[in-house]
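Each of the next two complexes has chain A plus one other chain: chain B in the first, chain C in the second.
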Partner chain A sequence: MRSKKNPVKKEKNLKFQKYLVNYLGLLPFFVLFVVFVLYPFFYGIVMSFTDWSVSSRGNVNFVGLENYKYVLSGVGTSSVRFLASLKNLLIYVPLTLLIGLTLSLVLALILSQIKRGYSFFRGAWFAPYVLPLFICAGIWQWFMTTNTGLVASFFAKLGIGVGVDWSSTAIYAIFLVIFIDVWNSVGFNFVMISAGMKDISPELYEAAELDGASTIQKMRYITIPMLEPILFVVITYGFVSALQVYDIPWILSGTGDYNNIGGPGQCMLFPVMEMVRNIYLGANSGLGRATAEGVILMIFIMLITLVQFKVRKKRY
Partner chain B sequence: MRSQSFLEKCFWYILASIWTLVALFPIWVLFSGTFSKDTNNVTQTYFPNSISNGIEKVSEALSTINIGQATIDTFIYTTVTIVGLLIISSLAAYEFSFFNFPGKKVLFSLVMISMMMPMILYVIPLYRMVYHMGLSDTVLGVSLPLMVSALSVFIMMQFLEGLPISIIESARIDGAGHFRIFVKIVLPLMRNGILTTTVLMFMKTWGQYLWPSLVTAQKIRPISVVIANMLAPNFWVDSRVKLAAMLVAMLPPMLVYLLFQRYVIEGVTMSSVKG
Partner chain C sequence: MANVSLKNIQKIYPNTDGQKKRAKNTEPEHKHNLQVTADGILAVQNFNLEIADKEFVVLVGPSGCGKSTTLRMIAGLEEISGGELYIDGKLMNDVAPKDRDIAMVFQNYALYPHMTVYENMAFSLKLSKLPKEEIDREVKEAAAILDISDYLDRKPKALSGGQRQRVAIGRAIVRNPKVFLMDEPLSNLDAKLRNQMRAELIKLRQRIDTTFIYVTHDQTEAMTLGDRIVIMKDGVIQQIGTPQQVYDHPSNSFVAGFIGVPQMNFYDAELVEDADGKYAVNLEQAHIVLCDEKQQNLKANAVQPQSITLGVRPEHIVLKNGGDNLIHGTVDVSEMMGSAIHLHLRTGERDTIIIVQTMNMKKSDMAGFEIGKPIAFSFDGNVSHIFSKQTGGNLEFLN
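Here is the complex of A and B:
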């Protein structure tokens, strides 16, 4: 672009003019993209090495790896909380993915067996995904109220969590989040998987039928292996969004007190919540620490996507 | 395919009905709880029995907990977001789909990478930046960052994929300019793509919580923030009013879904095709 006024590169100049309209068309998107995504992204990485806080007006000092050392040290409230949030994440992410994926696969398999009413069931099962997460949190908060909540008392009858306050008891709190998240996102995942199933050639099934395969055998040996590419997409999406879980636990453990975000004993604390707490708290180096936590989370996300792409490339 | 036996059929339908119940029951109960008499135990109301009480609760929610104001505010920033998003993404999709130019690959992979870049990675600097620009607590402040949506570009590109480039070439021979072709020929042809993007992004923007909660304060009241505050344990309000508030908050995305179901499902399927 800089060669525009260089007379020596007249040919390039002409070429650029020819494409000018194309760049012009892309300009609005990329201006917003650079200003509101790319710039803050790199700015955040740089600031994670400083003592940036809400109150520092322009003058920040570089502190090297101090913020990283602090948040991973386990000494001091914020650090203890961050490590606790990572521990919760370690339970939450695999479980929510495993349960969510299994359920959406099962639902897609059930739907593939249904001829009349196909679009009714698909429409109904997708409906929870249409609800905003803050509504899902609200509905389930109401359902899971100790003793009186509809679903909590149903569970209590089955002997699960009798008298337990789901949103403030360790482990139960994580399961509550998993539960709501799965209920909400299964609709989305199953629609993607279903779409993949429709693309499987019917000839494969016909051949299997000639060999006398049962419905279950067809699922096990044809449907699931053929779905692998789409399962990869679903898993990647799921990982990235599960790592950033925020809305549901933030609302369910919500109090006005910043020290209680994430519930008693940080039973429902997740990394993004701790980052946001750092903003509201306004402590020294608060934003520096929050961005450092963000970078740590980003490294996880990048590693996971990288692994996924590597595995995918190897297979296909 | 081999025809199923009657028993087998029943088996699949029973399973399907069970999940239908799990999926729809909570939404149904929200509705029936709101529209029931005060004398009913609200946690065990499975059928609506008083429309008038429900209307009263809804109007109470609209006024006393600011759901009315919040709905209007959310509508405004959602609309601004979507209009901006449609303009910039459809233009980008047009350029990427039909033309070759130096740097296309690099720019396109930037868009793809941004799909992998969740907002949380840059939300803190973004929030400080918008604050310093003097845009915090304004419609533009909420909307501008939400307009950047790689997924929208991607979905629209899928809709353009089937169009032959000869349409554009013949228009050019007729003397139409680059952007004239876009407005007069390409835009009308990607009507479904625009509709799908609008519907999906409407639902997504309506449900945003983290970003609006950071960037707004007094003037703009996002529905997500109002509902979240209402759900906090120290906020006391009649439980039917709470239900009514949630009912109002979920109505717009639900209506959009019911009206444009086909486009929603299509959009979700499309976003997975190439992933």
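Here is the complex of A and C:
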């Protein structure tokens, strides 16, 4: 041997070579992530402090917190609409999550007791999830067409809601949005929860049975606590996607006129819809306002997710 | 505290529709040695056992012999396909597990991972709506017995295997059940801890004097814990008896081979009747006359001279330097166990294991078992077990 290499250095070199391949493998995704996510994300934050609009053609000025002050002021069309959209979220998010989760959980619990037909029901409930949301919205808009739609006419025959315009009457419209979203997502949540249930050791149920637990008690004391990790994922995911609700109300209230998006009295207007309206119609600082609204929504999402993580850490 | 009575208990796992169609025109077959009939696989058949109040009964057998299935039928976790199960004189076949007043310790502990040790132990009492103070007292009492008082607020994942096992036992104790069922409770522990827990189970049994039904595949556990042992194979009871009985008088070659470590040696031999009418065994050049007790037993069964399977336990064989009735072999393996040497010999077509105690042995002799060394040994007529070559049954106890 002519020269003795330092073994530590040699090992480091080997490690570097080993990891280099891994990092190279990640590179294509990372480039796309930077170009299409990271850069627009920070660019959006920066632009929320400017008077940027579709017509500004490069002539963009820094306006400080003006956009934020405006959208939260409650004065002016865009601000009124944005605040209304936030209010709608207060109804929409808790109800969608509560109904959607309860329904998927109950379905999963019932189906776990069934021996035959499991695959059929799982397929049947999952089917709507494979449809794009705007198609779901379209289908239901059609079903709920006043008096003539498949479901609306059935209701009318039962004497329920005769002559009601389900998709544009304030009180019904938001519930129609909730219903369609739940219809679409229940299958996915159900599959997640069912998979989680299959992971629970049957011995635990046997032990509980010997301990004297009834079927309901087994669900309460074994199934639901054991599903906590899955439920956490489903709830977090549900929150994030519910706060960004867009496709369904857009289709239901779509009349071709951006100003009427969100239905009469903004009954199904949601923040992302208002952001889109601002982009196209907000001639003055429209893009700046839209990005400011986006930042506000992002802060909400981050706060809620953070609270969820904190609560979970405390309990487990 | 209760007596348990199993009458002609049977467990059949029904065939699926496809199997039924196939089975229609075929003869009954054997799957994993279990009998398969048109109805399905017979996992347990003709199981008859009377367990007295406060008795400790151990079901033992190789995996797949139906011991756990039987225990689960007693617990109510498996449906009983046929026969009757009585606990304290009451028919239990269709009674829900929670109403049978039994507690069970599972092989994998089955502790609720999201509950603390205290909550795990208190769970059944909480469900039965006992006052909080009483639950507290019961749990703390059981924890003290099992020496787990310091871990009450820990979750199971923060406990070692042995501690988890104690919690599982504690969960059963607090219920003060009529019958205590244990399904291989020590099989997940390492050898040292298993020995320790086995001793603790014996002590525990003295403290909580109740009926125990214990399932294991480990014959040492069965021998040390049980008042009586039920040895099972392929869903059928092979023998029921005290540890001493099954060791001294195995009912067939399976029981003889299963009970005792190292395993009993088996030889192809001839059972002959001497001119004086005494039974003897011919093995190679050795002619071993059986003891009086065996003579009587064989006579009572009118056993004819025949080819037999001769069984001799390793601990009953003695090494000999000279004399009559010697059997010759060569050393194959010599295992030094400390208090004894387990000597594996090659003798004709069969291998022989001999336990040689080292206590009174000279140091120079201990080193003397090098591989290939020729060795002669012998055994007496009182330790020879005579099994039928055809059925494997012990010819002394055929009836």
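Everything below uses one rule, namely that the second predicted complex is superposed on the first by the 282 of 316 C-alpha atoms of A that agree within 3 Å, B and C clash if a C-alpha of one lies under 4 Å from a C-alpha of the other, contacts with A are read in each partner's own complex, and residues count from 1 in each chain.
Rule of thumb we're sticking to: a contact is a pair of C-beta atoms (placed from the backbone, for glycine too) under 8 Å apart; a residue touches a chain by one contact, two chains touch by 3 or more.
These numbers were taken from a predicted model, which means no experiment stands behind them.
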Practice task
Based on the superposed arrangement around chain A, label chain B with chain C as either clash or fit.
Solution key: fit
Practice task
Compare chain B and chain C by how many residues of chain A each one touches, and report the one with more.
Solution key: B
Exercise for the section: Classify the contacts of A:203 with the two partner chains as first (chain B alone), second (chain C alone), both, or neither. Expected result: second
Exercise for the section: Tell me which partner A:226 touches in the superposition: chain B (first), chain C (second), both or neither. Expected result: second
Practice task
Classify the contacts of A:279 with the two partner chains as first (chain B alone), second (chain C alone), both, or neither.
Solution key: first
Practice task
Once the structures are superposed on A, label A:211 by its partner contacts, choosing first (chain B), second (chain C), both or neither.
Solution key: second
Exercise for the section: Scan A:298 for contacts with chain B and chain C and give back first, second, both or neither. Expected result: first
Fill in the blank from the handout: Superposition result for chain B with chain C: lowest C-alpha separation, Å, rounded to 6
Exercise for the section: Share the list of chain A residues that count as touching for chain B in one structure and for chain C in the other. Expected result: 206, 209
Practice task
Under the touch definition given earlier, write down the residues of chain C that touch chain A in their complex.
Solution key: 75-77, 96-98, 102-104, 106, 108, 110-115, 123-124, 127-128, 171, 175
Completion exercise
The residues of chain A that touch chain C in their complex are 201, 203-204, 206-213, 217, 221-222, 225-226, 228, 316
Problem - Interfacial residue positions of chain A with respect to chain B in the complex - result: 15, 19, 21-23, 25-26, 28-30, 32-33, 36-41, 43-44, 47, 107, 110-111, 113-114, 117, 121-128, 130-135, 137-143, 145, 148-150, 183, 187-188, 191-192, 195-196, 202, 205-206, 209, 215, 230, 232-234, 236-237, 240-241, 243-244, 246-247, 250-252, 254-256, 272, 275-276, 279, 287, 290-291, 294-295, 297-298, 301, 305
Completion exercise
Note: in the complex, chain B contacts chain A through residues 1-2, 4, 8, 12-13, 15-16, 19-20, 22-24, 26-27, 29-30, 43-44, 84, 87-89, 91-92, 94-96, 99, 101-102, 107, 110-111, 114, 116-118, 120-129, 144-145, 147-148, 153, 178-179, 182, 203, 206-207, 209-210, 214, 224, 227-228, 230-234, 239, 242-243, 246, 249-250, 253-254, 257, 261, 264-265, 268-269, 272, 275
